[in-house]
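Everything on this sheet refers to the single structure shown next.
Every chain is named by a letter (A, B and C) in the order it is written, and numbering of its residues begins at 1.
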Amino acid sequence: MSQPRKSVFITLALVLMLAAVLSACSKSNTASPDTSASSGNSGSKENIKLRMTVWGSPEEVAPYKKAIQNFEAKHPSVKVELQHIAADYDTKLTTMVAGNDVPDIAMMESGTIAFPMAEQGKFYNLQEFLDTDADISPDTLVPNITYSLEPGNVIGIGPGPESFALFYNEDIFKDAGIEPPPSNVADAWTWDEFVEVAKKLTVDTNGKTAADPDFDPKKIKQYGANISTWWGVYSNFIYSNGGDFISADGKTFGLNQPEAVEALQKISDLMNVHHVSPSPVQSKNIPATNVALQTKKVAMTVDGQWASAGLAQSKFNFNVGVMPVMKEPVTTVVCGMFSIFKSTKHPQETWELLKALLDPEASIDMLTAGTWMPSPKDWYTDPALLAKWTENLEARPSGYKEAIVDVILTKGHQTPTGYVKNFNNIMDLVNPALDKVWLGQQTAQEAMDSIAAKVQAQIKGRRDIKE
Amino acid sequence: MRPSKLSLTAGYGALILISCMFIIPFVWLIRSSLMNLSQIFTMPPEWIPKPFQWGNFHKALTVLPFDVFFKNTLIIVVTVLVGTVITSSIGAFGFSRIPWKGRDAVFAVLMTSMMLPAAVTMIPSFLGWQMMGFYDTLYPLIVPAYFGGGIFNIFLLRQFYLTIPRDFDEAAYVDGANYWQIYTRIIFPLSRSAIIVVALFSFLASWNDFMGPLIYLKSDKWFTLALGLQMFQGTYTAQWDLLMAASATVVLPCVIVFLAGQRYFLEGITLTGLKG
Amino acid sequence: MRKGMFYGLLFTAPAILGFAIFTLGPMIASLVLSLTDYNVFKEQTAFVGVDNYIRLFSGEDELFYKSLGITFYFVVLRVPAVILLSFGIALLLNLNVKGRAIFRTIIYLPSIVPAVASAMIWMWLLNPDLGLINSLLSRLHLPTSNWLYGEGSVIPSVVLTTLWGIGSTVIIFLAGLSGIPRQYYEAIEVDGGGWFRKLSHVTVPMVTPTIFFNTIMTIIGSFQVFNEAYILTQGGPNNRSLFYVFYLWRTGFRDAEMGYASALAWILFVIILFFTFIVFRTSKSWVYYEGGDRA
């Protein structure tokens, strides 16, 4: 019994010593916060090291790695260190900011901490670069993919923009003998036409459609449409109807105004009056778009164009058309952004890196797979470049060019997260109220009016107008 | 315990019923790991993969450097386990079998470390480790285990130590034993099952810890399995097939460790048997 | 005992030092931050006194009271459910049946399946239309529920999903049960006592230290429920599952108001401390230690 005794006491002694050392360290270092900033102090021009943080799956990160390779080949004196933060990106980045250990360039998301950080002056104003750079300017990019804190202060530029469209299963339409959704925006369905078609394609377990008086809405086998209750999706229709989340002068809440209310009510009616689209409760049964369409749970669905990738893998006859139009054809454009931290010691090199990251050649795999769309405008307008990512590909069906490529260039609308100040806190009030609308317990007007006063207190203005 | 035939049968039935419910998540994980993306999400769910996508495992484990993740995880898990078992068991001894002034007050203070939500102590903790120069090392994940191994474990062992009759110590004191000998010869062996439970929890906690590695590590050469699993989540969709296959692979060692470990708290301890 | 103080401190030194070095600092830091307008992204932080606390208690922040109420409801439902169910399962697993190694492992499995994977299962099991539970209920002509998607049923449903994760609690009970000397049962058998007498006179009194431990830990854990809201419900529907720590996290990390979030955290700290203290105080009358020591 003497052996364990000795060894454990030695361990104890070691532990105590370590404790003493650690507490001594912590005391001596408290005064100098700069000891941590080891990242950027390779100051000599010879060897520049840039740090970059991104999220994403391995296949999403691959294009960044390729872009970095291309960039390093062109700039031999610069090394880029890519930090892949798999999940809880915001939490990680927040602790990094707290610890003064920020990267030079980071992928950011307009709906979360990008603007809170920008408001505290963490990012470079990219307008300065856009004004002077020969290769890139707002006019050479797809509209609505730059994010501004206020007019003239660009905090981020998006790679891989995304727009919305109406995806559908061609066979369902063929079997029902119904014309599929038009792909040309000029021929787009009105909302009522859309509802009529959706009714004919909503089938209960007895084979009756929603257009039939004997239809049983409790036993729906196939939904004619699926319009999710995510703001990304319903914002399309608010904009299409001339509404907005916030008034044009940025002073008042917009969702209780007639245009927005009408759009929200029409979507609610789709679920609760016409029974052609799953309610939030029912939609928990609806799998991802590709499976929902493939298994004929749903005939047509409004989704982001990223759905193309999954649809292509599912191997069935899918196609894409333009969304129904309430008043004006519009698509919301969503995308992440790359932002440059103000603390970078090498703004010019980081800007060059940002440009390299936008290069569609590096992300060609993601473009052809269907997940992304390119950021430079000439990849939409130059037929040779356009062909590279839209022709002879499973992910790009026949309606794609008209329904998505043409629409994003001319009918795009910026995502509300990009211009509505305090968007998250506003939505913290709006979402619970909308839950009641989607379930048909309140009209859109009642629900939005009931929170209008509280939301008004959270209205802080718009980012796209001068105060 | 020698239960009657009837109650044994009833117990059996109840166990089978409960097991059927409790095994669902695991079966779900395994079947999803062998399916393609669209079959995973089919509703109502299918239980037999068709066809079996054995390739998921190969793809999932090669697309990311899981060998590196595994090595790091193993280093953390083993060192943490050793530290936790040693320091929490001696700490619990000090809080239960040695009478000293202020003991229960000190214990109460330590208990408070579990009562503040981690969300608000995370940044201060991170800054502390960073100031000590241990950012992007494994130390923040390992060293605390050598300092008590968490009050949860101390509290757990304390509860078990308190159930051991006093006479045992008294007899040993009369024989001239000191506290250390009482700990190593009486208390530690008699609490074997509780100590194995602590070891098991320690293993599983550090094996599955995600937040710690996320905050304290930045280079992928230090990344752990729990971090690696998260990498299959994309911006718009997750690679569920690969995520499930990788998860199944990561969970398997836990199942094995558990199957092996539970044997030790299966058998009840007869106090008389150990006295002699 | 001789030199009790010296040895007591020696044995507990690692734990005390660990607390002093790794835990105390961050705790004090957050207490101080709760008196400031600390925002991680802001360069300057101002001392605001008890303003954060005033803002909380004045009723200006409706979600504070709302999330507190929801969390209390959750704790009241969950703590007895976890303790009773896990004790019952532990008793079953302690029976001398064939294959109990397998049964024990199965009960523990849900605790090690990654949360993202098991979240998918709740979505299906508790699915109002196609879910397994509702289809069983309707087959038995029992009323069905909207489960996670109903305002009234979301909290009980979340409690239900957490019951799959009681593996650790069961294991601790099992360890407690295994420490009961067999002679005690034999003594009752000699007296002609049956199953119930064994349970009430031996098993329950002998595992009270374990029941005590599990109760305290379940209370502490339930007050800090977070993952279920984060992964399963996002606080919905209509904020009915806006758990306190989820709200706190949203404030501190998404909205970057870490000073305010720290104030939220310290209020919860006091609440948990209070309930833990109560249980500790009452334990003297119901927890039985063979060692004869006080809790």
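By definition in this document, a residue touches a chain if its C-beta (ideal position, glycine included) is under 8 Å from a C-beta of that chain, and two chains touch if they have at least 3 such contacts.
Given the structure is predicted, the values throughout are model-derived calculations rather than measurements.
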{"item": "Touch-based graph of the chains, sorted into line, ring, star, complete or other", "value": "complete"}
{"item": "Pair of chains joined by more contacts [C-beta pairs], A-B or B-C", "value": "B-C"}
{"item": "Between subunit B and subunit A, distance of the C-alpha-averaged centres to the nearest whole Å", "value": "37"}
{"item": "Chain centre separation in whole Å, for subunit C relative to subunit B (CA means)", "value": "16"}
{"item": "Contacts with two or more other chains, residues of subunit C listed in rising order", "value": "10, 14, 17-18, 21, 25, 40, 127, 130, 253"}
{"item": "Interface hub residues of subunit B, defined as touching at least two other chains", "value": "43, 87, 90, 122-123, 128, 143, 146-147, 233, 238"}
{"item": "Shared-contact residues (touching 2 or more other chains) in subunit A", "value": "12, 15, 19, 22, 26, 91, 94, 98, 285"}
{"item": "In the complex with subunit A, residue positions of subunit B that touch it", "value": "37-38, 41-43, 63-64, 86-87, 90, 122-123, 126-128, 130-133, 135, 143, 146-147, 180-181, 184-185, 210-211, 214-215, 218-220, 227-228, 230-239"}
{"item": "Sites on subunit A touched by subunit B in the complex", "value": "1, 4-5, 8, 11-12, 15, 18-19, 22, 25-26, 29-30, 35-36, 55-60, 83-88, 91-92, 94-95, 98-99, 101, 162, 285-288, 290-291, 294-295, 297, 304, 306, 309-310, 313-314, 336, 371"}
{"item": "Touching residues on subunit C, where the partner in the complex is subunit B", "value": "1, 4-5, 7-12, 14-19, 21-23, 25-27, 29-30, 33, 40, 89, 92-97, 100-114, 116-118, 120-121, 124-125, 127, 130, 164, 168, 171-172, 174-183, 185, 189, 195, 198, 206, 209-210, 212-213, 216-217, 220, 224, 226, 245, 248-249, 252-253, 258, 261-262, 265-266, 268-269, 272-273, 276, 280, 289-295"}
{"item": "Contacting residues of subunit C [partner subunit A, same complex]", "value": "10, 13-14, 17-18, 20-21, 25, 39-43, 63, 123, 127-130, 146, 149-150, 236-239, 250, 253-256"}
{"item": "Footprint of subunit C on subunit B - complex, ascending", "value": "1-4, 7-8, 11-12, 14-15, 18-19, 21-26, 28-29, 32, 43-45, 87-88, 90-91, 93-101, 103-104, 106, 108-117, 119-125, 128, 143-144, 146-149, 151-152, 154-156, 159-166, 173, 179, 183, 193-194, 196-197, 200-201, 204, 208, 229, 233, 238, 243-244, 247, 250-251, 254-255, 258-259, 262-263, 265-272"}
